[in-house]
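Going in written order, the chains are labelled A, B and C, and every chain counts its residues from 1.
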């Protein structure tokens, strides 16, 4: 299969490239020129080719909660959002704390997935925070990081060991930073709005206490720490300081944390309930600043599907999480690029070059010759309203339903195959 | 175009006539109590009360007086949408039992207001009688209700507007064509 | 005149005009209480469901009497809170009631926002009878009316709320109503029971009750849930009494005409001494009477599913 994308603006942070040209694909790889006849030609005028987007934080729910999402539906949802690679968290049922479980994900993804799927393994057995899982074996099976995600390791000794032990595999430990005692029973950000709504608050410090601890342990151990979904101004400051001190720490945030505040919780709509919770404007501003100055390396979706019955109920009883694959790129374009927070190239780096580097993905996140031909084609003039009916994910729990966007993915190419087209 | 059916002079003549009839009918003036229906009926009732006091040669405050807002007893509350009518306070500061109640309203039309007022009054006790006095009988009754004392009979499908000195600066009664936008009775 | 809405979910959503509308509407309903037949046919043929997910004899009885005095039919449903998570969903219960053509649903729930969720999913009028730590709008209105009745005004009055502000929906509704009507609201309690950013709602905070009681026109004392002690929100009931009980001595340093209020049920000898509860300053019983009248006014003003295109003939 020989594919040619002609006259397209190529934005590739890995090569610091932003110019109009052609992209050639042969046998699923990027090449400098085709060796034979063109099988398919795509007119790229007015559009932008970027390396396929990599989402380092998602929940595909398979195995165990196939009513919410499956690898089949989740990867289709990702493809629609221009995402070519997703990392899936191990909090499935059962959890991914052993090699066969990780292999199941990879096998299933190979069979049914539309985009690349890389599993994240549990840091501890059963995600119980007591004993380290077989991290090395998991790594051999194909996990790209370890994490107990929503069940953060509360025991500092165990977190220390995880950061220490993973060093030999250069495997990042992803920290969902939350002091569960401090956030106990909380369902939204603690502040004026939680007081008005009478909902129990989760203070920013519940996140920041653990970000601090994990940074200190990273300093102690020299391990590879990656802070998941940074939501507060304080966390941004802590990561910035740590980086200045030369501690090996990286961080991600999610589109909702640079777009929304807890003002939208107002009517007790559980589609605004996620963990960490939406914060306030000063946090949104700090996160944008952190993205701009490089403190925050990645943008991930934390795509967390839940069915309507679970969400359309008492706010306290509804589960945390929102879907994110299908809105991430448009939010990055509208909230960061259009508003001048990041250049297009720097914004794209947060979902291509940076995640590929941090999680040691070879031949991805770049359009350099020899890279795997995962490509996202963006049209900044593609205007659409995000409607519930248009959602490809099995779940529809998004606070962005009804929002109008200018710009998004119009074509998604995985290993040289067009897997989705607007 | 509003047609005047009672000018100020005729208005006062009508009130005097009603008062005289009530006085003649109720020999034992100590047993009567006057109740006006909010809101024009209240002003009329006050005028009638002071007329009767003059005729009976007593001080007006000696005659028991009450006011009634029948909103809570209306049979058409479902028609108000989200804009519910303002309710005035109902004040019945006397024992209703064994009294002859003179119930006063400005216009008698379908009879539904009076029906509501009767139901309301019964909640306060068991009056000896209830006698209805109205300034204008407009006809077109929908319920078997008649007034004992009537100032003027003027059969009309059009809205009859009663002005009182207290609220409108002048005592008069006019017929207002419905298309002028006001309905009611 | 109306509240221009289907539901009463919280006083946060009412403006000064709406609150004044309620204050102006209560008296005719209260007047009905003096009749030998304490009843009007206003809501004849309407059905009111009391849907209570939390035990509350007082509020439920008050609503029941209010509805019955307006001739509505009343059904009571009490649902054990412990079964909320596993039992029928709130929305399904609401839809079941609606299928039975219930016009008003009066809901009490231990979780904040439950009435909002019902209101979003149903056509019936939803009245919040207290939800979690959110609001208790009819209590707020009856407190407002009781103050208005006694002091003839709200604007410029100084009102003090004492106790567990953090978990108090009554405090929240009082704060909205009073501040919108121009009163100055202060709260007093231990810092652990004062919610974050409460000053943003326009209230002053005192930790010292002796300081706080001076110069106020009204003291509204909130019920302290004894179980809060287990959450380490205060060290002991003994210590709470020491610092926050409204005692005879504290009443003595307040204004002579200060109104003493309590939403009930009282823990006599804990947040309020019997002397204060039974003093001539106390309007606690009037609050209960006014509660019925205020709830009648609310039922009248909300008027579910009434036809549009009003004609007043």
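The working rule: a contact is a pair of C-beta atoms (placed from the backbone, for glycine too) under 8 Å apart; a residue touches a chain by one contact, two chains touch by 3 or more.
Bear in mind that the values here come from a model prediction, so they are computed numbers and not experimental data.
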In terms of Cα-based centroids, which chain occupies the most central position? C
Please state whether A-C or B-C has more C-beta contact pairs across its interface. B-C
Could you tell me the distance, in whole angstrom, between the mean C-alpha positions of chain A and chain B? 76
Just how far, in Å, is the C-alpha centre of chain C from the one of chain A? 45
I'd like the Å distance between the centres of chain B and chain C, where a centre is the mean of that chain's Cα atoms. 39
Would you mind writing out the residues of chain B in touch with chain C in their complex? 69, 71-73, 76-92, 119-120, 122-125, 183-185
Which stretch or stretches of chain C touch chain B in the complex? 1-6, 24-25, 27-29, 31-32, 35-42, 70, 300-301, 303, 306-313
Chain A-touching residues of chain C, taken from the complex the two chains share: 12, 84-85, 89-91, 109, 111-114, 116-117, 120-121, 131-135, 169, 172, 195-198, 200-201
Interface with chain C, chain A side, in the complex: residues 190-192, 194-201, 203, 267-268, 309, 312-317
